[in-house]
Amino acid sequence: MQRYRVGILGATGLVGQRLIEGLSNHDWFEIAGLAASERSAGKTYGEACGWVLGSAMPDPVSRMTVTRCDPAALDGCDLVFSALDRPVAAEVEPEFARAGFAVVSNASAFRQAPDVPLVVPEVNADHLAMVEHQGHGGGFIVTNPNCSATGLVLALAPLHRAFGIRRLFVSTMQAVSGAGTAGPSALQMVDNVIPFIPGEEEKLEEELSKLLGDRDGGTVRKISIPVSAHCHRVPTIDGHLEAVSVELEGNPSPEDAIESLRAWRGQIEGDGLPSAPAQPVEVRMEPDRPQPRLDRDAGKGMSAVVGRVRPCPLLGLKFVVLSHNAVRGAAGGTLLNAELLAARGLLPRRDGR
Amino acid sequence: MQRYRVGILGATGLVGQRLIEGLSNHDWFEIAGLAASERSAGKTYGEACGWVLGSAMPDPVSRMTVTRCDPAALDGCDLVFSALDRPVAAEVEPEFARAGFAVVSNASAFRQAPDVPLVVPEVNADHLAMVEHQGHGGGFIVTNPNCSATGLVLALAPLHRAFGIRRLFVSTMQAVSGAGTAGPSALQMVDNVIPFIPGEEEKLEEELSKLLGDRDGGTVRKISIPVSAHCHRVPTIDGHLEAVSVELEGNPSPEDAIESLRAWRGQIEGDGLPSAPAQPVEVRMEPDRPQPRLDRDAGKGMSAVVGRVRPCPLLGLKFVVLSHNAVRGAAGGTLLNAELLAARGLLPRRDGR
Amino acid sequence: MQRYRVGILGATGLVGQRLIEGLSNHDWFEIAGLAASERSAGKTYGEACGWVLGSAMPDPVSRMTVTRCDPAALDGCDLVFSALDRPVAAEVEPEFARAGFAVVSNASAFRQAPDVPLVVPEVNADHLAMVEHQGHGGGFIVTNPNCSATGLVLALAPLHRAFGIRRLFVSTMQAVSGAGTAGPSALQMVDNVIPFIPGEEEKLEEELSKLLGDRDGGTVRKISIPVSAHCHRVPTIDGHLEAVSVELEGNPSPEDAIESLRAWRGQIEGDGLPSAPAQPVEVRMEPDRPQPRLDRDAGKGMSAVVGRVRPCPLLGLKFVVLSHNAVRGAAGGTLLNAELLAARGLLPRRDGR
Amino acid sequence: MQRYRVGILGATGLVGQRLIEGLSNHDWFEIAGLAASERSAGKTYGEACGWVLGSAMPDPVSRMTVTRCDPAALDGCDLVFSALDRPVAAEVEPEFARAGFAVVSNASAFRQAPDVPLVVPEVNADHLAMVEHQGHGGGFIVTNPNCSATGLVLALAPLHRAFGIRRLFVSTMQAVSGAGTAGPSALQMVDNVIPFIPGEEEKLEEELSKLLGDRDGGTVRKISIPVSAHCHRVPTIDGHLEAVSVELEGNPSPEDAIESLRAWRGQIEGDGLPSAPAQPVEVRMEPDRPQPRLDRDAGKGMSAVVGRVRPCPLLGLKFVVLSHNAVRGAAGGTLLNAELLAARGLLPRRDGR
């Protein structure tokens, strides 16, 4: 198969770097364009980017020239990945969609747009069909959720499918990489916790109801479950840990919950997506796991890890869930959506290429 | 007033060190004895103790000889503070009580004993009267709660008195000093969170119901409210942060809750206790406070700091509360209990002294 | 004595905040003006400043209006403290000096100007007399050194006075507050060390030779000793730790070096400066001290703490020294210079006030 | 080739865990025995070991039964790796050698024994021939150096071979994993640096002179160069960073030093050792690298990374070097020594197996 040619919008930020890392040696995609702000345009990627990952910047990428975020500049690409900040994404993503690009986005700008699917493949791959209703003339926008919503919905979806969720508490302990390269300073975070992440609690609550909703033609009927989220920033590098109490129909035992989590494969079992983990949810039985540093790389950072499944005196069931915010919760989630589009034949090659 | 002569059991551990710090230049108490394990007995305190606090070890204390935890060895003391580990406390504290000592303890061994008061002065000073029923012949045991329960009950008591608590969810982010000098290693905690503290969730749930209960002669009628606790260890030095959702009778607004928190002075307003903070609960209005490093020293470490008081989609009200686990939640809480005993005339001078 | 009226340039940054903290309830100085960038001018200080210290922002300060860094706007002040960034200081500080202000600066812009004294009072109070040669018509600029040079020179001065320094190695482990509120991100510093601080090694080497030099009329004859500095940023909040190897004339023993460090009182013994510590250099004998978190507050953050004084196989003597970079190494050093100017009658009251 | 059967002494500690990780799927070695203290003997490895690595414990290993550290109990092994603490190693390693085992040790007990080689293969593979003089009747002991010496000697050896070292200053910033699972507590390390590691400075200075010495029959003529080491523990998980100033014969330029570091392949170029990195020393040209979290995994943790090569005002040349203390500096170094023994035909199969 000829590989799809991919452009990356917002290529110099943390999510952009993770996308480049994930696309290096990818069987289905190759990097054909890198776009960023005016300040970076015209430089080589090696000059423009303050690379912060442990893995080395791929040599060919370092020599590519960064362009502006302009459809004309990325004309040679079949699709674009968007790692843009929200306000820029709000302007730029529709321009690319109208120019016929598939825009696979990690940005929050259109997650709640009625005709834009918000997708975690195992959970709601069927929502992808919404793109045929977007009416951009071939192009469209697909989004993945916020990093804290992604890990949470991976743990909740199997329970919701098996039992039905009634109500939900969640208290997060989120890593600093979730805020990108412009995140909290060391002066704020050493020996400290910040009990506030702007907009995060709202996003978490809203995105869950769309992710677990049912597609209805070109839109989604959100489910209505009361969710209360408390979000906190802690001094870890990667891996969002979330403490969850949940009320389920029929009040299943912890053992039944564990069985449903372990058995679940979700909606992409037969798709053969290269980035999909063998097991979307791993369950650990040790009393003190998952832990961010030890467990965030489960399934190459694409699996959620659940532990401490036990009775909740208030809602029936409680547990903790960990997922790698910068892989599954951002770049890896975006990439998996693109793989799903390709596997299901929803990814156009542009301009007869 | 002649100062009471105090012995410290478990003087070399972290809580013992904090007690010594708190007693240095105290108007009511002077240190007259230091006791620890066999291993330390016979050494000077300076030799026996690996001091870990920023403040310097007081010179006179460093020259005192450490004794065994034996009533005979502390015969010159009027009362003892206990900073012992649970199993040692289970043996040693009753020996001291039977020998006529007031035992003011931070240990967990007798917190749930039916005739032992579990006291946070502002919350339930009236429970102290239970000591007259203990029947140790003059001696008795008084305890303060676990560090995470202490901060929480300071925030809950005003709400309970004003409105009545129905149900409660709490997720803690606890500092490493809460585990003492033998706590988690740096290898476990750097870039990490541990979602488990042995026994902590149970203690938190049980102690709340005794603290908020009503004294009934020599015992306490516990209140029965469903509490669900999730406890986590985070890489901070001092200061337990707790995210709380609570259902209150009449569903008061955040504004009404804040007013009741700020107005509350509790049961010791007229006692003039030297370690009591002017305001047991401070409320901050900034969106991102309290934070452990910035706010743990409020009221010299004796005030709880509440922030982010806001509606909870599930239970009606949510907020975060911070308190200094090693001061108010341990040594400072023990000291405040001793001050209360003295102020209320419940502290005997031993042997006609 | 009527207190001097002080303006603070760069009042909203980290050093500005520390200056406000240090000036609250000061016997000799009162805050009469707060100046910052255009962005902050016109707002109240409470609105303009993201306060990051554990101590609370003083109420009266929070209500003051922030002005631009303009001599006219601070006309009511007798002197100004400068906590400006280097490029702004390079422009603004001479304007204030020409307008007749004493400018007591923490900025690096004029530290190496031939007619500007670079002062750590205990070390070289006599350099202050240089201000009379500056020729700004009453106003002048006085500077204190970089935070890593300050702690180092406090440990070196007594050895230099007693024995004479020939050569010097120093390897620093510097806290993140040294970089101010725009310092390294948590993403850079958690589980990490950065072996580079732009310009720091050069500053350290140059400033030492001016600090230890001899005043010659309106200028300083720098001493010429080979210094090799390695500078590193580590994940601590406050307190720069520096490992030093030094060759001294006569190769004194560690015991003799310790004695000279402990005996030293420097050039301000009789000045009665409110912020001067009783002992400018404390020496600890434990094998593992000083440590940043435990020892940075020695002498209220104004003492340097030396430890591990021992033979060096290469240069004769080695040791570690710690000092609080944000107090003694910045705001506290600036304040101490101002106190010294006042004590020595070098501080003019402006405009007949 | 039939794989060698390996026993691990001290299998439950941190180095033991890293050895198991390194041996999983190894082409030349298979794990045939796991030994630890009395307390662990008789349990399965899964029960006995508190696994702390991010990688999962291999399933077959978790089911093996742990034995005592007794030659009889490991009779089925061809050789043993020792990850024992020094005092235990001092007793146990000679027992194994006398029983005919090759003992490939990470312990410090025999590093300075005159007839025991202390080996970093690239640096001094030729020292291995010493084992033929040990006279244990077939068995022998081979050691690798302390973690901080290992990284340092990798950077120094090429410079020593090319130019000759005269004198050396090194200041280390060492990760907490270097102290094993019983290392410093989080209470000691959060927001802190400890300027002391017992015995480390002495080890570093002594081991360098043996590593860079010349074999003379069954012993080593140590080289005599003045070395001054300052050792510090910093709050990083893995990766020892060391700031080095060195005086070289002929005072080469930084460019020449870099060229010699990059060109160097050392003494095992043709051996084809599976764990040997392609490049034992990598040199980075960015001003702020190497950094522990970003660079410790270079060459799968087996390469040293050098950066900031620049002139030293005192000794001529300075730089920083980073190496992974738990891989190259411990388990990986031990494994590489075993591979070298195998490749050079020095590894006996025991008892005709």
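Each chain gets a letter, A, B, C and D, in the order it is written, and its residues are counted from 1.
One rule holds in what follows: a contact is a pair of C-beta atoms (placed from the backbone, for glycine too) under 8 Å apart; a residue touches a chain by one contact, two chains touch by 3 or more.
Note that this is a predicted model, so its numbers are computed, not measured.
Taking the CA centroid of subunit C as reference, the farthest chain centroid is that of A. Of the two interfaces, A-D and C-D, the higher number of touching C-beta pairs belongs to C-D. Centroid to centroid, with C-alpha atoms defining each point, subunit C and subunit D lie 43 Å apart. Annotation: 47 Å between the Cα-based centres of subunit A and subunit C. For the pair subunit A and subunit D, the distance between mean C-alpha positions equals 40 Å.
In subunit D, the residues that touch at least two other chains are 52, 190-191, 235-237, 293-294. By the touch criterion stated above, subunit A contacts subunit C in their complex at residues 14, 52, 176-177, 179, 181-191, 235-237. Subunit C meets subunit D in the complex at residues 167-169, 171, 173, 190-196, 198, 205, 226-228, 230, 232, 234-237, 241, 243, 245, 287-294, 307-308, 312-315, 318, 320.
The part of subunit B that touches subunit C in the complex is made up of residues 52-54, 190-191, 237, 293-295, 297.
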